[in-house]
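Two complexes are shown next, each including subunit A; its partner changes from subunit B in the first to subunit C in the second.
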Partner chain A sequence: MEIILQTCVNALVASAFFALMAVGLVLIFGVMGIINFAHGELYMVGAYLVWYFYSSQGWPFLVAVLVASLIVTVIGLLMERTLFRPMRDNPLGGLINSIGLLFILQVLAVQVGGVGLMKNVPPAYRGSLDLLPGVAIGNQRLVALVIAAALLVCVWYFLTRTKVGWALRAVAQDRDAAALQGINIDRISMLAMGLGAGMAGMAGALIAPLARVEPYMGHGVIITAFIVTIVGGIGSLSGAVLAAVLYAFFHTFVTTYWNGTIATMMGLLIMLVVLIVKPTGIMGTRVSE
Partner chain B sequence: MGITRRDLLTATAGTAVLGSSVIPRIAFGETKTLKIGFLAPLTGEVSAWGLPGLYGCEVLVKNINAAGGVKIGDDTYTLELASFDDEYLPDKALQGFKKLVSEEGAKFVMMLGGDPWPGVQRFANQSKMLATTLLPSDLSPDTPYLLAPCEVHPIYNVTGVEYLARTFPDAKRAVICAQNDSLGIPSVATYEAAFEAAGIEVVDVNIFDPATTDFAPLVTSLLAKKPDIFCYDTAYADFVNLIAQQLHVQGYKGLQISCTCDNYPQIVEKTSKEFMEGFIFQFPDFDDPKLNEPFINFPEPNKFFADYNAAHPGTWTAVSWEYPSIIVQWIAGAKLAGSIEPMQVLEAMKSKPSWPHIFGEAEWWGQDLWGINNALVGKWPVVVIRDGKAVIAEYGDIPAWWAKNKDLMIKHMRNRKQMWDQRA
Partner chain C sequence: MKPARLAVPALFALAVFMVALPFGLKLHQQDFMISLLVWVLVVSSYRLMALTGEYSLVHVVLMGAGAYSSALLAKLAGFSVWLAMPCGALVAAGLAAVLSFPLFRMSGFYFLIGSFAAGEAIRLSWTYFTVPFGGPKGIKLIPSPELTLPGLGPIAFYEPIPYYYLTLIVVGISLFVLYRLENSRVGLTMNAIHWRAPLAESVGVDTWRYRALAFVIASFFAGLAGALFCHYYGTANPVQFDVAAMVYVLIWVIVGGVSRFSGPIVGVVVLSVLNELFREAEQWRPLIYGCILIAVMLYLPDGLIGLPARIRDWIEARRGVAALPAGAEEPADFSSSKRH
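After this line comes the complex of A and B, so read on.
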């Protein structure tokens, strides 16, 4: 029983991070129609900024996380304006631009931080909370989980309860119809990109003390985010969150009781099955031509 | 025995390092340049076992050159490193090996070994180039020009287990985790043999994907087996760091043993001194006073450590001294041969049944495991963290362990398909 509960705790933390990454990816794809391959590198930049501000400069951890997230948001805004907007009618061009940026950000990380051992980001919150005998969550993970969950709730509230959020969802559903309603597509695109990038930056910033901070840390994360996005339904925010939770629990349980390699293989297999059986994903909807 | 520790140190430190600060520069005749190839992962996940080695070589070479270089035969040479990043990929390694040998004119090539070696082997044989590896599991009868003159990974891990079993006789249940690659798997076989020889039961082995990012599930899974001993096998430096954090968070209080524990002060900082107390691994800091023992064949280890940390603070890993120690041995071989030509140096080094390894006299060994006696095996340090600092607890005797447990090791190597005939 202890193992099951501890595995649930582990899966819960993973769920929050998968969701942060996937929701950001879905926002960007939904509004701009661009698959942002550099999303994992935005996550990496967030982690590097926390390493710099918190570990190297001695800033308080939460301040460093906030500043890192804001900087990544600005990077996202610049990406939209310079890389994606000129390619609005050419999704393939946007995708290629994002791949180019991916390599640029990796090389920049190498230039700034070097290579070799991972960057040292000590936990800001030491120790652990014993939930039950034999079931614990590290305080750093707990803080990251709470912030990630709060951010997801905020994003959900913003998208479903505010006019700007409605406008963003309207653009995601039908860009032309939204434009006819007077919605400024450029501004909404910038908002989506900024929000998506900021969430990736926040995920990287929060995970920095718990992960391997190195220039290529975005690789594994982006693969997971794509699996979650596809299984959830490309363009579906609620689908992304649901798929993130399901995938995290599935992956964590299979890793604990079987093997991590098998878990990843089975995750990819599930993605393929979903693509074949229900190409729109769990909660995606088919768009009529 | 043709070459002694005195000869070896005289070959390097006597004319070079020692003279760098206190002896006026010696006037030699015309100085030639001798290129040493360095082919290892300098970027990517395994770079922690490449880049710090290059840094170490740079420190050693700088000291040697500052003292006037190396006299081999009638010539005096200034050493120059030619490096190439193989990214731990076979095709990149082949590209690098060709460049170092054909374009740079390197006289021998140091490699980490492992996954990249199969890409290089054919060209290395064709070009008859002396190469070295830190992973003797690369050796086979088909690698006549490949030596493992420093690290006998993973065989030396038996010394840590032997020490653990003697020091903590009540510890009887071990779990092992290892990444699934050419570093992890032979090491698993070695630990399984060592634990069995010590009467310790291995209750679980978790072989994980090197792309793993979250170690919480793995740790939960292994702790469920209620181990007395957690063995990190030859996990990458960053993996040891992250797994140790998870063990700490999930309340593990048992013994820990690992092949390496690079940058352990970070792990101590992230966990606690108490958690890391007694952590056993195999790679000493070079400020350890036990490295000043008379049988150590390395010029001024403590000074080297200080020089290294001044030049590259915070980057010291297991390999920081290993590649430099191979240069020291190669110089001794070249001096004995009176030549820098690869085959003559190789012949000189192999002309003796034993050779001065960094940790004392050692024998050319490996026929039973790798089908060729090209690995130098002797003593190896057992390092223990005490009060947050790594110290050498003792020097374990690998040949003595082998003499008692040879069949056990071969059994486990064969079970894991790590014998040279199986790998081929």
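After this line comes the complex of A and C, so read on.
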């Protein structure tokens, strides 16, 4: 019983990270129609920046996280401007460009941090909080969970309650119609890309003390983000969040009780089944062309 | 376009060059040539798939399926390597035939992601099942083919030069088949599906069947390439056929240019030879590839194969401008098409 509850706690933390990654991916896809293959590498860059600012330079953890995600946001804005904007009518081209960027960022990470050397990021908050006897959540995880959840709530509020958020969703729904209403597509695209990249950077920055920081850490994350995005419905934000929670629980439980490789394999199969049976995902309504 | 009568001597010269080549090379360069030939077959078969307009991310995994099944048949089931290799290719084709049922319910993006998921699931199963796939370490000590010619004695296929010729013959025949296929009625139909799927359907073409056919044939040759690969290098493991390898294939195809048969071949040859020339910069390779890829996407959408036409256009445009007397009006055709 304690193991089950403990696994639930772990799954809850994982779902917040999955959701941060998946919502960013969905925003980018929704507005620009491009799947950002380099999303995992933005996450990796976020983790590296925290390693640099916090572990090497000794900045306070939260300041390092904030600066890291701001820098990743800027990278995202540059990506939109240089790589994705010229490819707006060519989804495959955008995807290829993001693969090119993925390679570049990985090599830069290897050059900056060295190969094989794991970057040690000590936890900023030691100790843990006992929820129940035998069920605990590390303070570092708790902080990460709270920040990630708060960020998700902010993004949700922004998208559903502000005018700019409405504009963004309008572009995702129908770009031409939105442009006819006087919405600046270029600016909205940059906004979506910056927001998506910033969320990926924030996820990487928060995970740095909890995971192995290495140049290829983005690979597993992008697979997870794909699974969550597809299962949730590729254009649906609420679907992405719901799928993130479901998949996090599924993956954590299968990993705990069976095997991590099996968990990922089953996740991929679930995604395949969703693609075949209901390509719009559990919450999606958008019909593919 | 080259005149057709130039093509035959050019191909003949290329063949002579390829036959003579290994004698001028060092040992590691001969190894490199064998793997280059194998990858030429992989990218050319990928192009057949791309003819129908679908880009898959499962191609290299199917190449691995060919390698794994050929290796297992030769090593565990005691098949002769000569029989194991075509069987490996058939297994890859069969796997593609099974996958075509779920995958071709999707198209475009969904197909891309779906094929990625299918490929990763297959690859992870190699990692997970130690029996018979050997887990993360894969299969080692895969036998090389044996052949005894009357009068010559046994041929040492574990040596690079004999294996190079074997690879050259197999890849040469495969390329010929792929080329003929592309220019056949079937190939033209595939092309029609790419550009005008609804029109092709309206005249009675079963698009699903042609897409699946292209996928199965392409996978057959990918599996053959995998079998050729593993019986020379002696190993097959999950890392050889991972997403990174798939992405390299995609890069070669796109950088070379997918619009012509020779495009992907030019891509893989140019990038691999460049890579071989700058061996000491191995760790920078992905970065250089990434930059080349982005540059080609942004500035050379037809790929390297479109470069001569670009240069010709550019020179003609320059000459056209230079030939004009100062202050004269530009000819109308330049201002409309060549100048921005």
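Quick note on the criterion: the second predicted complex is superposed on the first by the 286 of 289 C-alpha atoms of A that agree within 3 Å, B and C clash if a C-alpha of one lies under 4 Å from a C-alpha of the other, contacts with A are read in each partner's own complex, and residues count from 1 in each chain.
Note that a contact is a pair of C-beta atoms (placed from the backbone, for glycine too) under 8 Å apart; a residue touches a chain by one contact, two chains touch by 3 or more.
All of these numbers come straight from a predicted model, not from anything done at the bench.
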| item | value |
| --- | --- |
| Touched partner set for A:Leu83, first subunit B, second subunit C, both or neither | second |
| Subunit B versus subunit C as contact partner of A:Ser238, first or second or both or neither | neither |
| Touched partner set for A:Leu269, first subunit B, second subunit C, both or neither | second |
| Contacts of A:Ala211 with subunit B and subunit C, given as first, second, both or neither | first |
| Touching partner for A:Ala136 - first (subunit B), second (subunit C), both, neither | first |
| Touching partner for A:Ser56 - first (subunit B), second (subunit C), both, neither | neither |
| Contacts of A:Asn259 with subunit B and subunit C, given as first, second, both or neither | both |
| Subunit B versus subunit C as contact partner of A:Val110, first or second or both or neither | both |
| Which superposed partner A:Gln173 touches (first subunit B, second subunit C, both, neither) | neither |
| Doubly contacted residues of subunit A, that is, touched by subunit B and again by subunit C | 110, 115, 219, 259, 261, 264 |
| List of subunit A residues in touch with subunit C within their complex | 35, 83, 86-87, 91-93, 95-97, 99-104, 106-108, 110-111, 115, 219, 223, 226-227, 230, 234, 259, 261-262, 264-265, 268-269, 271-272, 275-276, 279, 288-289 |
| Residue ranges of subunit A touching subunit B (in the complex, touch as defined) | 2-3, 6-7, 10, 13-14, 110, 115-118, 120, 122-123, 128, 130, 134, 136-138, 141, 210-212, 214, 216-217, 219-221, 251-253, 255-257, 259-261, 264 |
| Contact set on subunit C toward subunit A in their complex | 55, 102, 105-106, 108-110, 112-114, 116-118, 120-121, 124-125, 127-128, 243, 247, 250-251, 254, 283-284, 286-287, 289-291, 293-294, 297-298, 301 |
| In the complex, subunit B residues that touch subunit A | 42-45, 47-48, 51-52, 180, 206-209, 211-214, 216-218, 220-221, 224, 237-238, 241-242, 245-246, 249-251, 262-263, 266, 269-270, 314-315, 317 |
